[in-house]
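Two complexes are shown next, each including subunit A; its partner changes from subunit B in the first to subunit C in the second.
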Partner chain A sequence: MSLRARVAQRGMDPRTPSALETGRADLQAHRAAEAGAAGASGVAAGAVPAGGGLTGLRRAAAVAWKDLLLEWRRRETVAAMVFLACLTAVLLGFAFGGRGEVAPAVLWVALVLGAVLGVSRLTVAEAEQGTLEALLLYPGAREHLFWGKWAALTGLLTALAAVLLPLVAVLFGVAAGPRWPLLAGTVLLGIVGLAAVGTLFGALALHVRGRELLVPLLLLPLALPVLLAGIRLTEAILGTGRVGPWPAVLAVFDILFLLVAPILFELVVEEV
Partner chain B sequence: MPALETVELRRRFGPHTALTGVTLTALPGSAWLLVGPNGAGKTTLLRLVATALRPTGGTARVFGRDVVRDAPAVRTLVAVAGAADGAYEALTPREHLTFAAAMSGRPVPPDLLAWAGLARVADRRVEELSQGLRRRLALARVRLLAPRLLLLDEPFTALDAEGQHLVEDLVRTVTERGGAVVLATHEWERGLRLADHVAVLVGGRLVAQGPRQGMTVERLRTLVAAGAAPPPVSAAAGGSGQ
Partner chain C sequence: MRLVGLAAVAALVAGLSLALWASPPDAFQGDYVRLMYVHVPSAWVAYLAVGTAAVASLLYLWRRRPAYDHVAQGAAELAVLFTGLALATGMIWGRPVWGVWWTWDARLVSTAILFLIYVGCLLVRGLAADRERGARLAAVVALVGALDVPIIHFSVLWFRTLHQTASITRREVSMAPAMLAALLVNLVAFALLFLYLVALRARLARLEAERAEAALEPLPR
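Then we have the complex of A and B:
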């Protein structure tokens, strides 16, 4: 007689522990039967598929694709980011009267403010739409979710920089000339670090009330090394400052957060 | 090895105790109906098993994997169709299933959209779909994940008769393949038709559990009412007087 049939023959009585005891007896019998079956087939029940690097890459790419596709269809986050960043640049342009020496600071302040807005929208929106739990319960390590979200945020910030760079160049009358690849590389390095710390703090803010306020409060102080390094390096590229230790500051910031943020992300999203 | 084994599983939310020591063993091939009034702890129990929440105490194992220590492995074995569909408004059903396939490392079965009755709306955005169609999408996603332990929280909500057959088909498919199902619903009659075991949860306590045989909706009502009733006066007086 099958296990299910044997179990079905038993009654259910809430007044005594007999139902539970019945289950235990069946369980022991089943364990004995299963031990033989597993030995014969060589396949253990509950075997977990291996999750190698390629699997992780595919999962991260899927998350990034999903986030960017949603953003492409809605255009909510990127529109808000571009609007805020451009408005900041224009207002500072008026305030400083288009003086070229402040262009690097305006560029990076506008970029960081845009990033703050993007972080809030991209991660928090997932929680507000009620999709976060389903995302977290997919099989595999949650580190892959971090990399996907990081890639999506990096993409959005790169799009923002693509709009912001020419705008600041026109507003302040500056040009990188033949050194534009250096400028682009510097901006990309800054975006990589900003996206890493932003993805982490976006997840951290999921646990608290007033998260829209908390993200800037957490992110802006931590983004200070990126902000300063970005400004100084851009000044050096435009010929108004020295390189100094800033490439190392930017590189160390990026490496530190790319190493630490995925691990911390797994911890902070553990229970949302 | 049990499909699901919880031992004295507890969960508190601040001062409120949602689960008070739940011990339950579901064998492979079994389908459990989990009943109880609102606030009994049914959803909390399912979320603990699914690794969405961490237990405050006790243990839960899915096919031998601990839900705390081995959570990533547990997530490869479990799938949840919850009360919320968890769908992205701006994606289409086809895109959702492509995403789920990439996330789970499983291919999308060619007949999955047709199975769920979503073929004609496969390329329409979720925001344009009815609640019933969204529920069907959630069921299709769960089917794609091919879980060994399927957790269903109010799966019949918003579904028509055909949609309810999908739930039945899912439960049958999982149990016939040696998996197990835990189904929490207030639609007890439908649940009883699907399940071969019943567990009654009241106030975070498991007040009764066992095979379904002989169980009726009326008997379930009695069990729930008995579990919800305050303890006899003499017992309460005895306890407080010591």
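Then we have the complex of A and C:
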């Protein structure tokens, strides 16, 4: 049974789901699967039917689906991220006089600042609603939890970029023209790396006082290579700069943190 | 350990006297060049401290022996101290020689970023719920920070140099032997000082941990 069906059956208002509810659904689904009741209930939000053991990919997909579903119902985090990013773009644009050549810098600064707002939300919401324990009760490696959270964060940031890119293009009168797939690819590469570091620090923020306050302080200095590489690549795509070594910088950053962050994530979330 | 401390003091005295009296003033910079004997060793020791913190953090996350954590804590604090010192002396040196307090030079920016990352590392430890968790989280930050340093350094370097010609390049320094000797003595002195301070700080952290445990003991009676 899918979560949606479950919610409908109980007559709950589907617009106000609780993460607790989803977490319990996850746990029940998982227990059912463990007991060998194959096919009795869908895993998590019904993304995939349970047939025996859960593969890592399906676990990660279930976590990501749950997070994105919750976010889709409320749209709180993404709205705040988009608002802050747009505000940053407008303020910086006004301060710099809206010249086209600052557009890449404004785009990336706004993107990174908007991302900071959303990074800790996914994990902190779990802790606030008391569902983190349920997630951590799953047997097996926590690496899949990381990948699920990472995929959800990547989705959020992609949504942010999808709003921000046209806005910056309009505000600063620049256009990527036929090279827009390159620009989208660059932004996506940046987002992938940001999400990897962000997921790690979002989990880290759970265990310190003041939670979200610490995330910008940790994330912004570390994210500097993404910011710089993104700015230069965007300039190159808009025809005002050279490509140089920047694709390699982005790729190295992404690969390094996609390899390291899942390992460190397990150390960070252990024994809540 | 006391020997290391005494050696550090002796080397510092020797380095200071060499720097202030024995070495000649620079042909272009005059006496300002003497700041180099503090600035360059600070920067080198800052990198040494970052490396030590990263290795100790890795060992701690792997083996979970508290001793590694105490070293990591000391090294992270010293990393903040020496990057701060390098930045401050660099600014003081830059003002009379370059005419500006600050320039967006790659080395300056990456040192400043390194300073911020390790301040974050100390913050995480201080704000964590308990000692063991603080140790674990600070180790993660120290490790991630150290891994990111090369990428940050090269991205900052290329960001400036590939776009516009660097406005200020450091003068090629082919040093007089007396200056080189003074610099090397000061390097050794700072390295010894670092060793001594790390050892002291690690000992202090161990004593603090023991005391915290001792304070907990009478309770379950």
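In this section, the second predicted complex is superposed on the first by the 218 of 272 C-alpha atoms of A that agree within 3 Å, B and C clash if a C-alpha of one lies under 4 Å from a C-alpha of the other, contacts with A are read in each partner's own complex, and residues count from 1 in each chain.
The rule is short, and it goes like this: a contact is a pair of C-beta atoms (placed from the backbone, for glycine too) under 8 Å apart; a residue touches a chain by one contact, two chains touch by 3 or more.
Remember, predicted model here, so these are calculated numbers, not experimental data.
Enquirer: Tell me the contact category for A:268 with respect to subunit B and subunit C: first, second, both or neither.
Expert: A:268 sits against subunit C, while subunit B stays out of touch.
Enquirer: For A:252, using the defined touch cut-off, is the partner it touches subunit B, subunit C, both, or neither? Pick first, second, both or neither.
Expert: second
Enquirer: One more residue to check, A:184. First (subunit B), second (subunit C), both or neither?
Expert: After superposing on A, A:184 lies clear of both subunit B and subunit C.
Enquirer: So in the superposed three-chain picture, is A:141 touching just subunit B, just subunit C, both, or none of them (first/second/both/neither)?
Expert: In the superposition, A:141 contacts subunit B only.
Enquirer: For A:90, is the partner it touches subunit B (first), subunit C (second), both, or none of the two (neither)?
Expert: In the superposed model, A:90 contacts neither subunit B nor subunit C.
Enquirer: Counting only touches as set out at the top, which of subunit B and subunit C does A:209 meet: first, second, both, neither?
Expert: second
Enquirer: Please indicate which partner A:176 is in contact with in the superposed arrangement: first for subunit B, second for subunit C, both, or neither.
Expert: neither
Enquirer: Who does A:163 touch here: subunit B (first), subunit C (second), both, or neither?
Expert: neither
Enquirer: Would you pull the subunit A residues touching subunit B in the complex into a rising list?
Expert: 3-4, 7-14, 18-20, 22-24, 26-27, 30-31, 34, 45-46, 48-49, 51, 55, 58-59, 61-63, 65-66, 69-70, 73-74, 129-131, 133-142, 270-272
Enquirer: Sort out for me which residues of subunit C touch subunit A in the complex.
Expert: Residues in contact with subunit A: 61, 113, 116-117, 119-120, 123-124, 127-129, 133, 136-137, 140-141, 143-145, 147-148, 151-152, 154-156, 158-159, 162-163.
Enquirer: List the residues on subunit A that touch subunit C in their complex, please.
Expert: The touching residues are 197, 200, 204, 207-210, 214, 217-218, 221-222, 224-225, 228-229, 231-232, 241-242, 244-246, 249, 252-253, 256-257, 260, 264, 267-268.
Enquirer: List the residues on subunit B that touch subunit A in their complex, please.
Expert: 1-2, 23, 25, 27-30, 50-54, 62-65, 72-73, 75-80, 82, 84, 86-91, 95, 99-100, 102-105, 125, 145, 148, 178, 196-198, 200, 207-215, 223, 226-227
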